[in-house]
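Here come two complexes built around chain A, the first alongside chain B, the second alongside chain C.
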Partner chain A sequence: MSATFPSEAPRSAWPIRRLTGADPWGLLLLAPSLLLLLALFGVPAVYSVVGAFADKDGKPSLAHFRIAFGVYGHDVFFTAWLVTLSVLVIAAGAVLIGGYLILGSNRTAVRLLAWLYRWPLFVPMVCAAQMMRSFLARNGMLNNALEAADVLTPMHAVSLLDWRGVLITFVWKQLPFVTLMVAGAMAALDRSMIEAARDLGAGRLRVLLGVVLPLVRGPLLVACVLTFVTLMSVLSVPIMLTADSPTMITVDMAYRINTFGDYGTADALGVISYAMTMLVGWIYLRHAARERVLAP
Partner chain B sequence: MSTAALRWVPRGLGLGLLAFAVFGPIGNLVLWAFAERWYFPHALPSQYGFAFWARVFAPRADAWGSLFLSLQIAVLTVAISLLLAVPAGYALARRSVPARGVLLLIFLLPQAFPSLPIYMNIARLFYGVGLNGTVPGVVLVHSLHGLVLAVWIAAAAFAAVDRQQEEAARDLGAGPLRSFFTVTLPAALPGLLASAIFVFLDSLDEFTGTYFVGVPDITTMPLLMFHAAMGGDYQIASITALILLLPSFAFMLVIERFLSADVLAKVGG
Partner chain C sequence: MRPATMVFTACMISAVLSGTARADTTLTVATAGDQNMVDYINQYLGPKFEQTHPGVHVRAIGTGPGDAGSLAIDQKLTAESKSGAATWDIDVCVIHQRGAAQMVPEGLLAKYRDQVDTSKLVTSAKANNALGTDVAGYVLPMFDSQVAIAYNPDVVKQPPHSFAELVDWVKKNPKQFGYNGIKGGMAGIGFVMGWVQAFGGIGDRLDNGPYEDSDKAKIDAALASLKEFNRTAVITPGNAGTLDMLNRGEISMGAVWADMFYDWQKDGRLSPDLKLVLPSPGLPGQPMYYAIPAKAAQPALARQFIELATSPEVQAQGIVERFNWYPGIDAQYVQAKLDPKIWNHLFSDITPQDLKADAKPFPISPYFTAILNAYERDVSQ
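Take a look at the complex of A and B:
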């Protein structure tokens, strides 16, 4: 190590600089943030994992997972497919809207769509849940509109306040975010490739799926992973829209804590939700790594 | 009809349906906020009025307390998050820190994990030290995501500042602190302001963390709305929800003015 030479003695006044060659001020400026993150994220995260794998006396055990899967197994399954389905619908919607925004031939229609799609962007989840509770109810505005349009008779009107309501609320709330990211990436694309494909006679849908989509797959996947994580921990929407089982595991976690003070089972469900997001993250990373290998 | 006009049929139908999907739920909420009588199976309320607004905003009603509490918590969350994020973002953008990529990843982790299990364990830890049900406790919980958001935007905002201007200030004899406060900080200010608004809105809307850590004494606006909704008070819930919607829509309409493309391009860079 060169730092041990006497000529560099002034630098060695900072041990960290001697070790890493880095600027001590940088770490000093970062330290408060890292400490807060350690206290508010690192410690609780370790607690939740330790709590999940220990029994009441603190000994290693899978007892909490037996309850989690035994009692809430169908909710685990329900959460996994409902969130996955929501993300898939959102991704499809975002690609279609983003695609129309760059391929649409009518400027007025494009401007109208760009203005329209982003309204729910910052609407709080709780507010979205409350809106949907009235909008999707049996006598809500959706059914009333369908009846007025003669699509539905009052006899056939049904309440959508179950998994469908949760799906619709998730899509309504998250579609603008994913669309914003996808449309941003699409707008940054080199137009000449799109024009070339159009000149060769490719239809708009084919250009979108064959040329544009492969080029924005990265940002689309990032937005989908972030959305998956967000939806995995939404509590208000399933509480307010699904009165009874099956429901999402977030509701089960709150129930175990509020009713039984049972942190162990709640932590086990929490670890299951970590595992699901890690699986999605792993799929993303594998894809990203493959892209990098293929990229010139 | 010309073909150009005919093409507006599918276009108009699509846009119309989307408009109904976007504004229908909001419209239903507005109807509920002004409905005084609304009986099943009528499609519209039979009587409109402000009676419930008067109840929500009565001088001693819960709404005022919740509104001020929410604003107080949001302002404190912005203060803590930015106080910590400005030096951290500056360090990440301008100083040579070891393992910069790993540090950026650490600041992303809370966003990459479901936060509900974290919140319930924070609540459990806070219970031991008496922070449950207190304003500082809720501010700290909100600061977790506030800090992460603020660090990423602050790092991008500082990275977008022109280095040559800083160097010019140093050449003219300004010390590092002086050049930071007279050149770097003012140039990064729009980005920092955007992150402040983000954090403010995030805190104002936060539900899950407050649900676990705020009990039993801290009822912010989202919690007030939730309790009204679960209690079947549709009017009260809708009025509170509308109040929460106003800042969200306002921010959605101005966001692009604050977050310029050159800052957005540096996020995560």
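Take a look at the complex of A and C:
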């Protein structure tokens, strides 16, 4: 006895297959997620871009961009600078942690680090921000601990609830994600190259920077691009840790909508945010394309 | 309001509405504000109403804090109005002044006040005027809230009773006063509005209009002095951030919401030693309003619900005792229903006389917008 599975039906029964060569059942499975993506992301994104370039009457205008750059220009640069700095610090930290996991000689320390570094992955961004609010304040846990250890005097204690707090939170929260990708790539490397370099007398740092790092450049770059995009969209951390100005443009977007119902300027700031992430994406794609050309 | 946002908001609220189990009759209350607003209706007001109305189920929907929460209700009702629906999904809405100022001219609210007996207990001007818009007849205040200056009496021996005294104190005690700017919540915005009230020289026009474009120069001058003041002040991260900093002793004075201050003290999150003062010429406060959508499915039931919510008993036990808000109806009707201890606690720092003299409304919309824009342009940069 044999049953005919629908996908085994003659090709002529599925016009879509004749036209596209795609499996119709596959397309059917894809449809819900694709439709959701279009409805919940595609359509609002198109409206945002259109809204950014239109005035109140719907006519083409750059008025919203004039406000976005005129009033929030410093926040645009602050956002680009802070997110770039965070990604660089995270990348450096991930390489160091990943490197220690494959090159470290103390097995207990390696096991402990491998177990420990993932934890912040499970803490939501808003919870991380709330913890940092009391941890980094002038009379917060960090300064209290330093004062108890006689490292700091109360007179010299300062609050880190400004760009430094945002940087620390971003690094703490995103470091595990990048490390996970980088450490995975490092663990998959052929160890004979590392052993050869060590046999020839290279120190661990030299092996990490000269041998391991160039081989995991691809995954590191992907992780950095994803982290950049993630951090660009964070609202909770800057709104909870920094005061008025300078702040990230996500806070300005929320402020324009909540206080003035001004979607136009918020859209313009959104388009600027898109432009920044697209620039980073373009750098990655260019790099990936070059690697593909160079590959044997 | 954008079509995509309206459709999305309508879909989300409709999804919530259709997903809940139905009693015989369901009264839907949409409320802007924090989670405590939803809790108040679900845990206190709703069950109380259901007791006297068998077969009626009260369902509360929270639409989010701040003016954005009122805007979400506005968007939902606008979408229903444009769809031409015979009746709308929301029976009672709880909105901020800005929401009422927008929704009354849009024709989204019903004029119900004369049909509710408890409306006789309300004489406050805020019940008739929302940021310069005439809302008389369309709303009844649920509660009133007030921005005030919280201080630590161990450090501040003589709290400032005027803005001039506050400036002097901050000069002598740099980095000991904090407020949360204009992006971290309404307490900071309230302080900025109070500053312009004190030093702008615009007078009553700020609250009652008419708006004059020439006042922009006066606003700029007042904000220039605020920028100077900010050099010796601390800008805190949000309404809660100011209270946190006061509690940790990082600042000795700060602009806060009075109800949040008392709430935190009651929960043990704030030192009971801290006190409040309302300096003259005053700081703004704002009520939240009960309103009925123009095409509510059950307007009679909605009016009965609001009548209960604005009755002296509920205002005393629910609004004052449970949530530390100032009553929405006139205070004398509420005082009789309350334990004197609770009454005295609420009015010990800021007396009813202080409130009468120095509790201001937020400025009318054109001044409000002009002040915030000027602050961003000249003070934040």
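What we mean here is this: the second predicted complex is superposed on the first by the 283 of 296 C-alpha atoms of A that agree within 3 Å, B and C clash if a C-alpha of one lies under 4 Å from a C-alpha of the other, contacts with A are read in each partner's own complex, and residues count from 1 in each chain.
We take it that a contact is a pair of C-beta atoms (placed from the backbone, for glycine too) under 8 Å apart; a residue touches a chain by one contact, two chains touch by 3 or more.
Nothing here was measured: the structure is a model prediction, and the numbers come from that model.
Student: So, A:Ser159: does it touch chain B (first), chain C (second), both, or neither?
Tutor: So A:Ser159 only meets chain C here.
Student: Is A:Gly140 touching anything from chain B or chain C once the two structures are fitted on A? First, second, both or neither.
Tutor: Both partners.
Student: For A:Met132, decide between first (touching chain B), second (touching chain C), both and neither.
Tutor: first
Student: Based on the superposed arrangement, let me know which partner A:Thr247 touches: chain B (first), chain C (second), both, or neither?
Tutor: second
Student: Once chain A of both complexes is superposed, is A:Tyr117 in touch with chain B (first), chain C (second), both, or neither?
Tutor: In the superposed model, A:Tyr117 contacts chain B only, not chain C.
Student: Is A:Ala196 in contact with chain B, with chain C, with both, or with neither (first, second, both, neither)?
Tutor: neither
Student: Examine A:Phe260 and indicate which partner it touches, taking first as chain B and second as chain C; both and neither are also allowed.
Tutor: Only chain C is touched by A:Phe260; chain B is not.
Student: First (chain B), second (chain C), both or neither: which does A:Leu285 touch?
Tutor: neither
Student: Mind telling me which of the two, chain B or chain C, contacts the most residues of chain A?
Tutor: B
Student: Scan A:Met232 for contacts with chain B and chain C and give back first, second, both or neither.
Tutor: So A:Met232 only meets chain B here.
Student: List the residues of chain A that touch chain B in one complex and chain C in the other.
Tutor: Residues 43-44, 47, 51, 133-134, 139-140, 239-240, 257, 263 of chain A touch both chain B and chain C.
Student: Note which residues of chain A are touching chain B in the complex, please.
Tutor: It comes out as residues 20, 22-23, 25-27, 29-30, 32-34, 36-37, 40-41, 43-45, 47-48, 51, 106, 109, 112-113, 116-135, 139-142, 144-145, 147-148, 154, 172, 184, 225-226, 229, 232-236, 239-240, 250, 253-254, 257, 263, 266-267, 269-271, 273-274, 277, 281.
Student: Applying the document's contact rule, which stretches of chain C touch chain A when the two form their complex?
Tutor: Contact set of chain C toward chain A: 1-5, 8, 66-68, 71, 180-184, 235-238, 241, 244-245, 248-250, 369, 372-373, 376-377, 380-381.
Student: If we count contacts the way the header does, which residues on chain B are in touch with chain A in the complex?
Tutor: Answer in residue numbers: 7, 11, 15, 18-29, 31-32, 40-43, 84-85, 87-88, 90-92, 95-98, 103, 106-107, 109-122, 124-125, 140-141, 143-144, 147-148, 151, 201, 204-205, 207-208, 211-212, 222, 225-226, 229-230, 234, 237-238, 241, 244-245, 248-249, 251-252, 255, 264.
Student: Hey, which residues of chain A end up touching chain C in the complex?
Tutor: 43-44, 47, 51, 71, 74, 133-134, 137-140, 159, 161, 239-245, 247, 251-252, 255, 257-261, 263
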